[in-house]
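Take a look at the following structure, please.
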Amino acid sequence: MSSQPSRYTDPGATDWRLHDIVAALRQSRETTHNVRHKGRIREMPSRDALAGIVKGLQAALFPTHYGRPDLSDESIDYFVGDTLNSTLIVLAEQVRRGLLFVSDADASGDADLSAQAIQITRHFAASLPAIRALLVSDLQAAYQGDPAATSVSEILLCYPGMTAIIHYRLAHKLYELGAPVLARLISDLAHEATGIDIHPGAAIGPAFFIDHGTGVVIGETTVIGEGVRLYQAVTLGAKRFPTDESGQLLKGHARHPIVEDDVVIYAGATVLGRITIGKGSTIGGNVWLTHSVPPGSNVSQALNRND
Amino acid sequence: MSSQPSRYTDPGATDWRLHDIVAALRQSRETTHNVRHKGRIREMPSRDALAGIVKGLQAALFPTHYGRPDLSDESIDYFVGDTLNSTLIVLAEQVRRGLLFVSDADASGDADLSAQAIQITRHFAASLPAIRALLVSDLQAAYQGDPAATSVSEILLCYPGMTAIIHYRLAHKLYELGAPVLARLISDLAHEATGIDIHPGAAIGPAFFIDHGTGVVIGETTVIGEGVRLYQAVTLGAKRFPTDESGQLLKGHARHPIVEDDVVIYAGATVLGRITIGKGSTIGGNVWLTHSVPPGSNVSQALNRND
Amino acid sequence: MSSQPSRYTDPGATDWRLHDIVAALRQSRETTHNVRHKGRIREMPSRDALAGIVKGLQAALFPTHYGRPDLSDESIDYFVGDTLNSTLIVLAEQVRRGLLFVSDADASGDADLSAQAIQITRHFAASLPAIRALLVSDLQAAYQGDPAATSVSEILLCYPGMTAIIHYRLAHKLYELGAPVLARLISDLAHEATGIDIHPGAAIGPAFFIDHGTGVVIGETTVIGEGVRLYQAVTLGAKRFPTDESGQLLKGHARHPIVEDDVVIYAGATVLGRITIGKGSTIGGNVWLTHSVPPGSNVSQALNRND
Amino acid sequence: MSSQPSRYTDPGATDWRLHDIVAALRQSRETTHNVRHKGRIREMPSRDALAGIVKGLQAALFPTHYGRPDLSDESIDYFVGDTLNSTLIVLAEQVRRGLLFVSDADASGDADLSAQAIQITRHFAASLPAIRALLVSDLQAAYQGDPAATSVSEILLCYPGMTAIIHYRLAHKLYELGAPVLARLISDLAHEATGIDIHPGAAIGPAFFIDHGTGVVIGETTVIGEGVRLYQAVTLGAKRFPTDESGQLLKGHARHPIVEDDVVIYAGATVLGRITIGKGSTIGGNVWLTHSVPPGSNVSQALNRND
Amino acid sequence: MSSQPSRYTDPGATDWRLHDIVAALRQSRETTHNVRHKGRIREMPSRDALAGIVKGLQAALFPTHYGRPDLSDESIDYFVGDTLNSTLIVLAEQVRRGLLFVSDADASGDADLSAQAIQITRHFAASLPAIRALLVSDLQAAYQGDPAATSVSEILLCYPGMTAIIHYRLAHKLYELGAPVLARLISDLAHEATGIDIHPGAAIGPAFFIDHGTGVVIGETTVIGEGVRLYQAVTLGAKRFPTDESGQLLKGHARHPIVEDDVVIYAGATVLGRITIGKGSTIGGNVWLTHSVPPGSNVSQALNRND
Amino acid sequence: MSSQPSRYTDPGATDWRLHDIVAALRQSRETTHNVRHKGRIREMPSRDALAGIVKGLQAALFPTHYGRPDLSDESIDYFVGDTLNSTLIVLAEQVRRGLLFVSDADASGDADLSAQAIQITRHFAASLPAIRALLVSDLQAAYQGDPAATSVSEILLCYPGMTAIIHYRLAHKLYELGAPVLARLISDLAHEATGIDIHPGAAIGPAFFIDHGTGVVIGETTVIGEGVRLYQAVTLGAKRFPTDESGQLLKGHARHPIVEDDVVIYAGATVLGRITIGKGSTIGGNVWLTHSVPPGSNVSQALNRND
């Protein structure tokens, strides 16, 4: 390279010792956990495919907001039907891949898995009108809960809380139907877009509203009633993680809060453990709460001030 | 095909009962809030279009950082002029759509709306040099405020706080010019990218710096002076939401803090209500503050320690 | 056209006074900091290119998760080798651009910079197997640390903490090799996707796990041991920023915490300054901590309750 | 550039004297024909938009061949309806632009033009089933006329003659409805893809088949009966172009051949002028024919051979 | 639309009577040939997929010309292997679809078809080095045959004849292996790009060169020896199409010319029927030839001139 | 794969014996002509880049037809300038690559080649106004020569002859400036789009018109005067290719026709050798002409007819 300057055109200029690195990476793969499962390739669900699926479902549920703005009375059902069909076909394939992670997939042939995936997809499709009804209740709660909101359309277009709840309600249904990995992926898509992290296993009633939302965490076994409102950075988390005798974490047991109807939790509050926040309570910002409070409680943080 | 099922090739394999679902979704749409406004389609502003508009404006304002890195003295103005023109044409159409939400659009014909949209866009365009000057003051504040910053270019390329402020200053101008829905959309684009949620209605002085920024919330009626610095997860929010006699939220009245010049607010502080933080004050991390403090105050959190 | 107004078809309908705005923006550029460095164009590194580079590296490190799901034993090394090669070529060019910011680039010719960039890229490439080994330790820590995790694949696909750590480990190596601006850009890409902000200068040991993660901030001079676990909104920050006699910030001196092995820090804790958190300590949620604590400490927040 | 080698990074390295060239091009535009029509911008129809429109129409007409291959009984109509709707909306806008070229557009307002464009589009849409019926007759003619054809699907997927006829039948309808510029654009899209140049003004009966097709030219006033078959490089052209007294070409008068039912014309034949080729005639390859021939004629070329 | 002009925003403005058209198109589909084959969907091979496959194969065969120009000694095999693998996976799926058209697909299950498709793909892959050797002979023939050719690279990059021959040699192998529909699609892709129409069934020896090429047609049963050269618009076609007793075309029988070694055929010549052009003959431009000629013949057209 | 049907999921299902094929292809590359030139990689010019360059130049020359249709008086120069600049930067890099094929590139360093490429690009840019003037003369010739043409815009949008001439005039200038490979690539792009093959070395006067055009071939040393008109499938070719004593083709000597002013050549005529067609002559369709004809000649084909 010395006397004849050039950019990447000398032979060997871009020799990276690829053979050595490729070999070392292969060795690294082989000595660690391998996705190869009993000798067969387990195709991963695709994050990009899931993102497209959520986009398609949103368009089918709210066609003029998330689909195309110029739909007319005569064209809207064609749009909804066609969007649903193409979305569900992609979803069925992702569900099939997801099943490789949960079912005893080795015992059943691929054909069984496909049939099972289509069955799940069909049930999911059938639940979409009910999901839409829940989302409408959430929309109305947002409109009533935020003085800055000027229309329902604005909430659909601009509110990250709404984005997170749409993702959650779709993911939760897939979780219920036996597709937890897909559910989790959808949930993380919402997390990436909004900073709101709702585990798809959580059970959340209608008319749910999250304002601003960045940093909200809602754990796997959380139960939330109707008309609950959360602000940014609220954690509904686990306090401790019980282990079995061998010290392994116990997975799946109830360890997150129960939040009853009409509770409001302000920014930054941290609520931990299987405690109950009674109906109609208000939890102040930045509060750290690890025990149950009765209905109608008002919890707030101490303040020191040295001015 | 008989006994060995296969992948999606049987007739009916991908029958989702589309007719039923499409009909149920139609019914759901018809019984809830409808975007059809007095019999006419209200085209929604497009989130993707807004994202492209912001990208175009950023490129026009800082061409070598956000446009293309190889612009020369003779080519840069062509790039700026062409980028501006194509961006403003798209913006004018989005402004027109946004006006359907705010003006008494039914009374005025489409032609009036278009003319009004172009007028707003023209005023917006004319304000870009002033916006750039503000952004340069913000850049300098960032460079002086962060010991990790090594150059102004690094701040433009890598600092989420800068991204949020650029979006805010553009959105705020549109808000002032009567395009609040577009402003809100731009604001949510910044929120999605940075985790910083600044309502476009807030009034923020020059030399503003947000470090890290995730979880920052700045409410609609907040007023911020010159040279203010915020860290991640700071909330400048409302304490309570007054309602009218019928229990409806009062919209738009002053309910967020006034932060005077040269105030620093550390990570996680929550400042609520129409209070004033006096010039030069420092608010410590995780503080919960709901009353005014005089200039030069120093507020910090209590700490318990049981080790 | 006279009486019936129309949409953008009148001559002048879309006149924005481009000449004035373009001239004002040029003036604004000329009176402020200019990327033109001693008369030469300093090409900026490209955020999009960096995003593609990280994607390529992830695919090379975990081919079936981030590359393509259908790789077989015979095809996987071809995929890894080809992906690496095309990624490293792009990386070398970005490193070259980055060097314009750090080295005394004006003294050396372009050819020298190119050679230096290729050298750095080669060292970076050689370190990939070691980076992969660290990431495997992180994966195992996540699997053991989260009761909701059902498989290693789920963590790779859905955990923002894992995304952030992958970005960090790649960025940190570039930082060490003398490409700090690229490192910072990668770091901000992770921040955008996850809400987790790890400065590439931080030194982090193996088996690191961040759960949920939104709002986590880890400063430039932080030192983290082995087996540390963080939750969302934890700040490992600087307490104050020392200045030199002239009032300029001192850049690069040690000002962030040292977190020893096996420490757990819960959601929202703020740990500031060059303090040491002793091995095995637990820091409670929302705590504000500015002094060192010995090994095995247990720090938690006070709580007021007025119900 | 002398001693320090570099690639495009010196200031001025990429100075192209843009100002001079831009000015010269402006002057060139101003001294020649200008699209500005009586002071208004005449938006050109878009070739790319037309290509998309043809693609959409083909998908609506033959959904499993040109749309998506996995449509089921329940989904196919949704696909057709949605594809049609989105295609027709784009078409209406292109028709509107096309009208600026043909109608006395200056007299009518934009609103009139839009209404007229929608009217044309509606008529066009209504004719699609009839167009499909013609195309089915063409398909059957191709299947029967080519011993190499193994299925109707193969003809739809692989035969350039079929591609050209589909474009022609769509273009011809637009031509009839008063959108000749769009028709011409569609015609040229077929020409580009197939080398077959059919003027949309030609009148062509059912069961038309062109084999191979490259170089076929069919002029504006050609009339073709039912069951006609052409091979590659056949010209049905004009012999001479009559002019008016001032020497200007007379536009639009009948100057191309009439080809009656069941005629076959082999490769390379050139048939010129308003002559009639009688029903059932066969014209041999490479023939040059400028006078009418009665029904059942057999015309072939002379051959010299010097071996 | 009445008094207030607007663009597509009135309800019904874009009513196309979709229901009627969709219903009429459905009826049209049902009364004509249907791709539904004995009740099952026959997925069509995809033209776009085939285009990608050819691109991938070209890149694997000539990596620096059709792949990426900056491959080094250490990276080239990774590129070739990875490109081949991803291309062959897509090809196998297209072969499977193609088999639905040729085999007695109804009798065999999908699994059999998939296995058969993979087998064909494997054989095809194994033949690529031999195909490359033939293409190198064609390249050398082009270089020697065209005085305007300045390098082998120029021929690979710019010669439509070369493009057509590459497509042909790939298509011919698929044709031999039992994938005639795919072969035909590839052949038509070449036709679209070059105007050269070579049926994949033709048998063509090494060192074949077509100059310019537009309008060349080579029929299904043509046999071409070694070192043959064709110019534009040459037809090697069938003279007549024999039918069986019922008047149906006999498919697949030998009806195109045999062209022996070292023959040159000039522009526009039409050679029809199962005749033989003897070794070393020269056929002049625009000749119409329907009988065999012995080796070393020289055939040219008569000329009239009336000046 | 035996009893459990599946699609590509068994290990080895997609084993293609990649190692063998990759090795065989490597061997094939090594035994044949290699692009590696004296040990250095010769980066190929990119066909896709050239396509983009032509698109950019067309947009700069005819902004409202090939650029964007909504340009206004104030925006058009910005568009032209910006489009030119970004196009010329890409062109300069392609010219540099092209120089590796023509110059004694090994003797000169990369920096020299870059400087030379920029010099060529600058000259090319400076010639664009003159090229535009020629194209305007061609446009006027088309409008006057075709009775079917209704406007100049229609010719720019729909006439393949115009497309071919634009490509030719750009390519010819690059050819003159010493970039023959690029010129050839541009020429082949036109060939692909239009079926018209004009060698960039040909010299063509103003007011040139090709109607329909498919199959037109114009050889490297052709000379065409002013106001010439060609129809489809006209060949202006070489009659024979002289060789040197060793049998090698002599490259570059004058071997194609001279066509004087105002000549018209009808469809399918083949004109071969260094002959002269005198001013104002008319050559009939399908004529085979190999000797010069004086000014004002009228040449046509003989016709046999057996009806």
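Labels for the chains are A, B, C, D, E and F, by order of writing; each one numbers its residues from 1.
Quick note on the criterion: contacts are C-beta pairs under 8 Å (C-beta built on N, C-alpha and C of every residue); 3 or more make two chains touch, one makes a residue touch a chain.
Here the structure is a predicted model, which is why all the values come from computation and not from measurement.
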Quiz item: Where each step is a move between two chains that touch, what is the least number of such steps from chain E to chain F?
Solution: 1
Quiz item: Under the touch criterion given at the top, what is the topological distance in steps from chain A to chain E?
Solution: 1
Practice problem: Name whichever of A-E, D-E or C-E reuses the E-F interface, so over half of the contact pairs are the same residue numbers. | Solution: D-E
Quiz prompt | B-C or B-F - the one linked by more C-beta pairs in contact | solution = B-C
Quiz item: When the centre of a chain is set as the mean of its C-alpha atoms, what distance in Å lies between chain A and chain B?
Solution: 23
Quiz item: Counting in whole Å, what is the centre-to-centre distance of chain A and chain D, each centre being its mean C-alpha position?
Solution: 50
Quiz item: Distance from the CA centroid of chain C to that of chain F, rounded to the nearest Å?
Solution: 48
Quiz item: Using the average of all C-alpha atoms in each chain as its centre, how far is it in Å between chain C and chain D?
Solution: 54
Quiz prompt | Multi-partner residues of chain A (each touching 2 or more other chains) | solution = 5-8, 11, 13-14, 16-19, 22, 41, 43, 70, 72, 74-75, 77-78, 80-81, 84-85, 89, 110-111, 195, 214-215, 233, 268, 286, 300-302
Self-check item: Of all residues in chain C, those that touch chain A in their complex
Solution: 60-61, 63-65, 69-72, 76-77, 80-81, 84-85, 88-89, 92, 109-111, 114-115, 118, 121-122, 125-126, 128-129, 132-133, 136, 139, 144-148, 150-154, 157-160, 193-195, 212, 214-215, 231-233, 266-268, 284-286, 300-307
Practice problem: Could you pull out which chain C residues touch chain F in their complex? | Solution: 8, 11-19, 22, 70, 72-75, 78
Quiz item: Considering the complex alone, what residue numbers of chain C touch chain E?
Solution: 4, 6-7, 68, 70, 72, 74-75, 77-86, 89
Quiz item: In their complex, what parts of chain D are in touch with chain F?
Solution: 1, 5-8, 13-14, 16-22, 24-29, 32-33, 35, 41-47, 97, 101-102, 180-181, 184-185, 187-188, 191-192, 195, 197, 199, 201, 214-215, 217, 219-220, 233, 235, 237-238, 241, 249-252, 255, 268, 270, 272, 286-289, 293-294, 297-302
